[in-house]
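Each structure below is given as structure tokens.
In the two assemblies presented below, chain A is common to both, partnered first by chain B and then by chain C.
Now for the complex of A and B:
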């Protein structure tokens, strides 16, 4: 090492030390424990791929993955559609109203998850909840949104879209503001209606932003944990709601770690999830590259 | 036929009057250029014609049909934007055919019309490229092609060459003149560049402060401006303006003193001068101001201090300072001069244009 560069290395040392301690070490040790049976008290016992096999073969994993796929397939496109609609709405206003709508729609993003979940547990409450009250006005019977296996997943999806729409809206709004007004004027002169302008100008021009929002939304959705955990009042020994209708992989992983005290299995679960996220994200980038070539 | 009549058009944005009482008749097949400084309202007037802006007052008629409430896409106009406004995700062909697609035209019809426009603009080899893969000139051609495909009655150009480099601008100017000759369609062109306006226009409309200052053929505006603004705006370098005092009024001439604060006295051919105007402003173009030979002195020569010499090769512009501090530019075709030297200029009184204190042209009696 050239002594001239010593101050440079010293300056990056604090970051490298913290990164190694809190990021690299957990990953490497987690990978090590994923091949061991370990309860954090006794010595780790090497079991090869047994942890991975046990997870993939378990009914809880199948249920969690099924819930996850259903959740992702609905939440990501629907969430982006809602956020896109809100962004178009806010963009059509200016000054005070634009700022007001933007703030109101962004509010759920800054709410702590427990508060958002508490609000929605109250909204979904069978007897006095706001949603059931409104349904009652139209003559519909009361629905047990968070305890009926037919409605639990959709109730969660509604809450998650409510929570995430504001964030996606702000990103999409920034993208909308970057589209030159000239293009809309040209489209107007070319005879495009407002809807055709959205279809032929807005959406193609927003494609890179939409890709980011979709990828980010997909990665977040694959790690869904806090809102369903709080909505179902889960604990480490009892989670996933009635008949595991709201059981998700991260929840299952946490249960195996802190409920069953099987840290080896939990580590293996983490790597399965990581592999899943990498494959899905790579797939997204691959699709985009193919579309660009076409 | 595409006669455009603009009657009493006004436009305000909040409390700001952008256009005031615009009256203009544009004849079929005419190439009209709106020219003026930034903020004069020329682009707003073009956008009003296109339908992108609504009028606050007044009326527009195209071939007798009232346009005010007609949708921009159905006005029979097509616009070429300063920024080109090409859809970046579409190929050149898709950009050019977009309006036809929106109108529900058949694919074969779109292909045929786009192909024709591409042939006119020599764009055939670039039709599969996206705007990002085209040069500035090619993008401009695609933007013009998009307008041609619509077969408009009136083409509207909003400073379409301002993003191009100087050489390409000259080339595109020639192409636009050629295009106008071939299509014989009414064209309205907005620019702040008076050279562009002079070279392209059948008729120029000079705007300032939202008001038409003068309208006419380019050389008429150059030789015979109605006011000081038009006189100063048209021509490069701009016209010289010098203060002077009317010492004597004769039946067919006036005698001017204190020209630019100098002791020179000149007899100016002028019929019917109103004796009440004692102070006037002279307007004279640089080509009518000459540097006096050092070995020759005439009565009307004015002592000046040369401040700057611009040698452009074929012509030299000598900037000088009058005794009052007023600036004057003289054109010299062959001489070489040095800055910061005293010199004498010779003004041609027969070329003087006179303006009153309000900047209005003082015309001879019997003159137009």
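Now for the complex of A and C:
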């Protein structure tokens, strides 16, 4: 390192210093805490793998994982299917209407997720909530969307898709615009119907973008927090909704940290979750590599 | 005969035939619009209705009383800590934007335009952090913030979010496209390193900076989890927490008051969207296509 390079280092220093302090250091210290029993007041003492064992063996963990798997398996594919449909729909219009519908469908993304959750909590309300009112018009009985343990997860998924479809739609739309028009032209000359064009031109050409949307969606779905937390009116001492039907790993982690003040366990939880996310992401990349070879 | 043919021909040109597919896509687009807009519209209607009107008389499908809504807004701003929460959220967002733009553009300037030992591994490490979920860092970051004595402070709220790897990525991608000759020219004119950054590169990066600023605003205004744990003192609450308070199961607030609180929280991002629509959509599309 000589003085010729000094200005370069000075310019990156502020960013790198904060990055080291608030990203690298927390990862290292979190790893250390994850092997210790610590309540932030007394000295941490080493417990080996006990934190990890206690989490994996706990009932809340299996419940949270089960909820998570069900949620992810439904919400990610369904959300992307909806977003893809919306992108095709917006793309089928042109000029003013295309722009207008794109903006309107994007509206929920602009709203903070905490707001979407609070609005929907009232939309779902049993007596005067709008969803039940509409169901009533069609003669259906009132549904307890946020308190009936069989329905709660689906109520969450509906809100989730309402919130996130516009985001994926915008990314997919940008991908659609990059598909050369001649490909459709050629398909049409070959006698492909509109549906066949989507199947044989749009989807293969859009594969990289679909892959990104899918991976990104998976990573964020595995960390779901705001919306179920607010839909269930959770606090650090009482969370997850009725019979823990909307308990998710990040909520469980936060509860262990700030409700029962077990920072060691909460840190360990973060690493378990990260391992899961890495496995899922690696699986996605592996699948892609296999499909490319095939 | 020919005249009649021409007439139908021109009529056909002026009135394009409406196919079943056209009907379908319009019906679909309008239905989706209703589903998307209605919850927001409903929130506004609940606010702008005389309190106490039963749902059976007025199902809140349209606003009925502007004065009633205004009274609720005034009441909330006067009697709760909402104004202070607004100030906290605004300060949080603006300081984060300033920091992300300044630190990010300084670092991006180097990573995009110059070579220096250690650049590649360093940049690679920062990009790798984009893959690491927040779940793993949030608790230890909280513990660090607590160690620094920054709980319930503005610096505790802002500092951990400043080194934005996403922001750096966005700016580096943009700056890579700048003509290197301009920098050489400026250097030959005797400009110092920092002057090149400040007077040559920053003005050229304006577009990307505006996009990043808008996306950062959306993200900080909507951030729920970090304020929730860093600010435990109710006097320091941000808008997201105040909204949470109104919505708490035992807050004993009526729905119209809750919706007024929600509406107040929705106004800044909605205004932002109306003004910067294109930038926001393009920014997200770009981060998607390059990620």
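One rule holds for everything that comes next: the second predicted complex is superposed on the first by the 294 of 294 C-alpha atoms of A that agree within 3 Å, B and C clash if a C-alpha of one lies under 4 Å from a C-alpha of the other, contacts with A are read in each partner's own complex, and residues count from 1 in each chain.
Here, a contact is a pair of C-beta atoms (placed from the backbone, for glycine too) under 8 Å apart; a residue touches a chain by one contact, two chains touch by 3 or more.
Not measured: the values here are computed from a predicted model.
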| item | value |
| --- | --- |
| Three-chain arrangement built on chain A, chain B and chain C clash or fit | fit |
| Chain A-centred angle between chain C and chain B, computed on Cα centres after superposition, in steps of 10 ° | 70 |
| Partner chain in contact with A:108 - chain B first, chain C second, else both or neither | second |
| Chain B versus chain C as contact partner of A:223, first or second or both or neither | second |
| Per-residue touch tally on chain A - higher for chain B or for chain C | C |
| Which superposed partner A:161 touches (first chain B, second chain C, both, neither) | neither |
| Which superposed partner A:191 touches (first chain B, second chain C, both, neither) | first |
| Touched partner set for A:235, first chain B, second chain C, both or neither | second |
| Contacts of A:183 with chain B and chain C, given as first, second, both or neither | first |
| Chain B versus chain C as contact partner of A:15, first or second or both or neither | second |
| Closest approach of chain C to chain B (Cα atoms, Å) | 7 |
| Contact residues common to both interfaces of chain A (with chain B and with chain C) | none |
| Residue ranges of chain A in contact with chain B within the complex | 180, 182-183, 185-192, 196, 200-201, 204-205, 207 |
| Touching residues on chain A, where the partner in the complex is chain C | 1, 5, 7-9, 11-12, 14-16, 18-19, 21-23, 25-27, 29-30, 33, 40, 86, 89-90, 92-93, 97, 101-116, 118-123, 125, 128, 130, 133, 162, 166-167, 170-171, 173-175, 178, 194, 209, 212-213, 216, 219, 222-223, 225-226, 229-230, 233, 235, 249-250, 253-254, 257-258, 263, 266-267, 269-271, 273-274, 277, 281 |
| Complex contact set, residues of chain B against chain A | 50-52, 72-74, 77-79, 81, 83, 85-89, 98-99, 102-103, 146, 150 |
| Residue ranges of chain C in contact with chain A within the complex | 21, 25, 28-29, 32-33, 35-40, 42-43, 46, 55, 59-60, 102-104, 106-107, 109-111, 114, 116-117, 119, 122, 126, 129, 131-144, 146, 159-160, 162-163, 165, 168, 193-194, 197, 218, 221-222, 224-225, 229, 240, 243-244, 246-249, 255, 258-259, 262, 265-266, 269-270, 272-273, 277, 280-281, 284-286, 288-289, 291 |
